[in-house]
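What follows is chain A paired twice: with chain B in the first complex and chain C in the second.
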Partner chain A sequence: MSKIEIKDLTKLYGKTVALESLSLNIEGNKIYGLLGRNGAGKTTLLNLITNKLFPSNGEITIDSETVFENENALSKIYYMSEFNLYPPTMKVKDLFKWTKEFYWDFDVEYASHLSDKFGLKKNKKFRELSTGYASILKIILTLSSNAEILLFDEPILGLDANHRDMFYKELINHYSGKPKTIIISTHLIEEVADIIEEVIIINNGKLMLSDHTESILSSGYTLSGKAEDVDSFIQDKRVIGIDTIGRFKSAYILGSRPLIETMNKHNLEITKLDLQKLFIQLTNS
Partner chain B sequence: MLLDFDTTKPLYLQLAETVEDDILKGIFEEDAQIPSTTEISMNFKINPATAGKGINLLVDEGILYKKRGVGMFVCADAKEKIFQKRKKDFYENYIITLLNEAKKLKITKEEIIIMLRKECSQ
Partner chain C sequence: MSKIEIKDLTKLYGKTVALESLSLNIEGNKIYGLLGRNGAGKTTLLNLITNKLFPSNGEITIDSETVFENENALSKIYYMSEFNLYPPTMKVKDLFKWTKEFYWDFDVEYASHLSDKFGLKKNKKFRELSTGYASILKIILTLSSNAEILLFDEPILGLDANHRDMFYKELINHYSGKPKTIIISTHLIEEVADIIEEVIIINNGKLMLSDHTESILSSGYTLSGKAEDVDSFIQDKRVIGIDTIGRFKSAYILGSRPLIETMNKHNLEITKLDLQKLFIQLTNS
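Our next item is the complex of A and B:
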């Protein structure tokens, strides 16, 4: 079970602050969702965890060992990056063997099984793959790596609905069989909301939120109804955002949920907070 | 098994209720095996911990039992237990909701009683 500890991490690109004093504990054997808007610092964080970038300040450890030029710590991670770092003329089946040179636990048989399942042709060269199939190949390499920590950066780029569905199911199946630490960085929040056990939200290079998905969703509620009714109810409440359509209003509120029966009497409706709406409201400035 | 992802109820509670519904409908029979936590979480694309929490709730209530190394099974008296539990909830979930909706639609109590009588006599 591998733990990642991040202490006071700062990364500067010249004068631009990409990450600012970010501290975070990633516990072992859980699925994390790393969420943030474009340019929030998600990929920078993943690149720092995998020692592809060096921090300007702070430290990252895996099971108490620094990741800085540390083969042992880094061998515990497989990073599915947005970038394609594979030899372009290499065939898919040879890429499996090639990966096994670096990741000794790589499961060639499982990779081959997944290729058949996803319809990835093993005799194709890497450069001949479409965007979707390049993503599928990278997903297969990551799942088959048998590393203790799997990092997915935008794994479903270019995947159609069927392949996305297959990916999520295979991810759950894989995780159930061999629990490990998984971090998924994605913009498709609705699709992963029920899969991730923990949520990490980064905004403008700072850690905004890190908590159990369930605690976050039960920390508030959505109240909808006639604008005047909603307005009078929310006066003394902690409102994080409002959506209005004509005279209909929805308010996103933090705090404990009032009784549904009471609200119904006032013609107000209560529904749960959804992760995507919460994310939009929290990162909207 | 169907889950409604939109209500205020936490997902694990919804899952537990869905399994109960399927036991009442006879989709899962008493003493029969139900799908594994992995199958359930894959099917609904939910975290295995969430699925486990829902299933364990039913184990605690004596509706499901675990056979080591085999899987989850429906208890012999599961239906009866669910009936008893659901009857208690019936008042809250249906009667109160019915009256609230009726109030919204300006249906009087007398009208509701007439409707119920008519429906029951058919």
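Our next item is the complex of A and C:
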């Protein structure tokens, strides 16, 4: 079980502050969602964890060892980056063997099995793959790496709904068989809401929120109905956002849920908070 | 109100059949979702409608006029393509003026207003824009074109959840003010399910389904609960798919909904069909 500890991490690019005094404990054997707007600092954080960038201040350790130029700590991580760092003319099947030279525990058989499942042709060269299939290849390499820590940066780029569904199912399946520390950075928040146990939100380079998904979603509720009915109910409530469609409204409210009977009487519907809508309300500037 | 009629359309690339005998009537003043897996033929269809490709067989008309080399028919369409066909060193504000030379009804003021709203800097050159902001620019150009028919091909590429939400809201707002014919091709099906009035599904180059969103979603229901409870209930039902998570199951069933009271007695929950899950079940090979 691998833990990542991040202490007072700051990263500057010239005068631009990409990350500011970020501290975070990532305990082992859980699936984390790393959420943030474009430019919030998510990829910078993943690049710092994997020693591809160096912090301006602060420290990152894996199982109490610094990641800074530390082969042993870094070997515990497989990082699916948004960049394609593979030899362009290498065939998929050869990429599996090539990866095994760096990751000794790489499972070539599992990789081959997943290729068949996702319809990835093993005789294709890397540069011949579409955006979607390049993502699928990188997902397969990551899952098959057998590393203790898997980092996914926007894994679903270019995937259609069917392949995204297959990925989420395979990820759960993989994790159930062999618990490990998984971090997924993605913009498709609602699709991963059922998968991630912990939510980390970074906003403008700062840690905004880090909590169990369950606690976050049970901290409030969504109230929907006719605009006037919703308006009169929410007057004394802590409303974090409102969506209006025609004569209907949904209000996102923090606090404990009222009784369903009360709501039925007022023609109002209570549903759970939607993680993506909550995220949007929290991070809209 | 502009209508698109597609008759017996076939497109071959060498020996590969991209579209096969596709016939479709797109009536005016509605929002259509054009859905299909990667490689199903969606972009080929949009390229044929806009005369960027020529059909191997069949015909496409707009308001009864062929689109083939027909300036008048084609001028009614603005097509947000996945390709970036803009001069790379041109600034955003100059792209607005440049577009107005081709689309006389282009609304520069609205484009400028949307740029401020989405945080797109008008002094940036096109090549300096991130993937997300390139999509935002293309969305703004399309909405401001004032064309009678708007075609969006994967408009949300690279957008974070907040910008996607803004896009959907702006689209509804724009459409309510000035109804027109809008076709959105996207892989984020569940996110557009509330926006699109009509669903067109293309599978392996053939038309699989074309119907009102409401009719499709009311043709069945989702049943969730403990695996054994779900299993015993669905024995005589028309099940189009099942998702299993641990000891729980969701079954997607065609047919009319059973009474909620009956379901509560069996500890089963009934919810509406989810368009994305339905799509996945229909198009999984």
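Everything below uses one rule, namely that the second predicted complex is superposed on the first by the 282 of 285 C-alpha atoms of A that agree within 3 Å, B and C clash if a C-alpha of one lies under 4 Å from a C-alpha of the other, contacts with A are read in each partner's own complex, and residues count from 1 in each chain.
Throughout what follows, a residue touches a chain if its C-beta (ideal position, glycine included) is under 8 Å from a C-beta of that chain, and two chains touch if they have at least 3 such contacts.
Since the structure is predicted, the reported quantities are computational estimates derived from the model, not experimental observations.
Trainee: Mind checking chain B and chain C on superposed chain A, clash or fit?
Mentor: Superposition check on chain A flags a clash between chain B and chain C.
Trainee: Does the superposition put A:K52 against chain B (first), chain C (second), both, or neither?
Mentor: It touches nothing on chain B or chain C.
Trainee: A:I172 in the overlay: touching chain B, chain C, both, or neither? Say first, second, both or neither.
Mentor: both
Trainee: Quick one: is A:K93 in contact with chain B, with chain C, with both, or with neither? Answer first, second, both or neither.
Mentor: After superposition on chain A, A:K93 lies in contact with neither partner.
Trainee: Can A:R257 be said to touch chain B (first), chain C (second), both, or neither?
Mentor: first
Trainee: For A:Q276, is the partner it touches chain B (first), chain C (second), both, or none of the two (neither)?
Mentor: It touches chain C, and chain B stays clear.
Trainee: Looking at A:K206 after the superposition, I want to know if it touches chain B, chain C, both of them or none. Which is it: first, second, both, neither?
Mentor: In the superposition, A:K206 contacts neither chain B nor chain C.
Trainee: Between chain B (first) and chain C (second), which, if any, makes contact with A:D194: first, second, both or neither?
Mentor: In the superposition, A:D194 touches chain B and chain C alike.
Trainee: According to the stated criteria, A:D160 is in contact with first (chain B), second (chain C), both, or neither; which is it?
Mentor: Second partner only.
Trainee: Between 115-123, 169-177 or 223-231, which chain C stretch has C-alpha clashes with chain B?
Mentor: The superposed arrangement places chain C into chain B at 223-231.
Trainee: Take the contacts of chain A with chain B and those with chain C, and give the residues found in both.
Mentor: Chain A residues touching both partners: 165, 172, 194.
Trainee: Residue numbers of chain A touching chain B in their complex, please.
Mentor: 30-31, 165, 168-169, 172-173, 175-177, 194-197, 213-214, 217-218, 221, 257, 260-261, 264-265, 267, 270-272
Trainee: Where on chain C does chain A make contact in their complex?
Mentor: Of all residues in chain C, those touching chain A are 37-39, 130, 132, 158-165, 172, 187-191, 194, 245, 276, 279-280, 283-284.
Trainee: Touching chain A in the complex: which residues of chain B?
Mentor: For chain B paired with chain A, touching residues are 5-11, 37-38, 41-50, 96, 100, 103-104.
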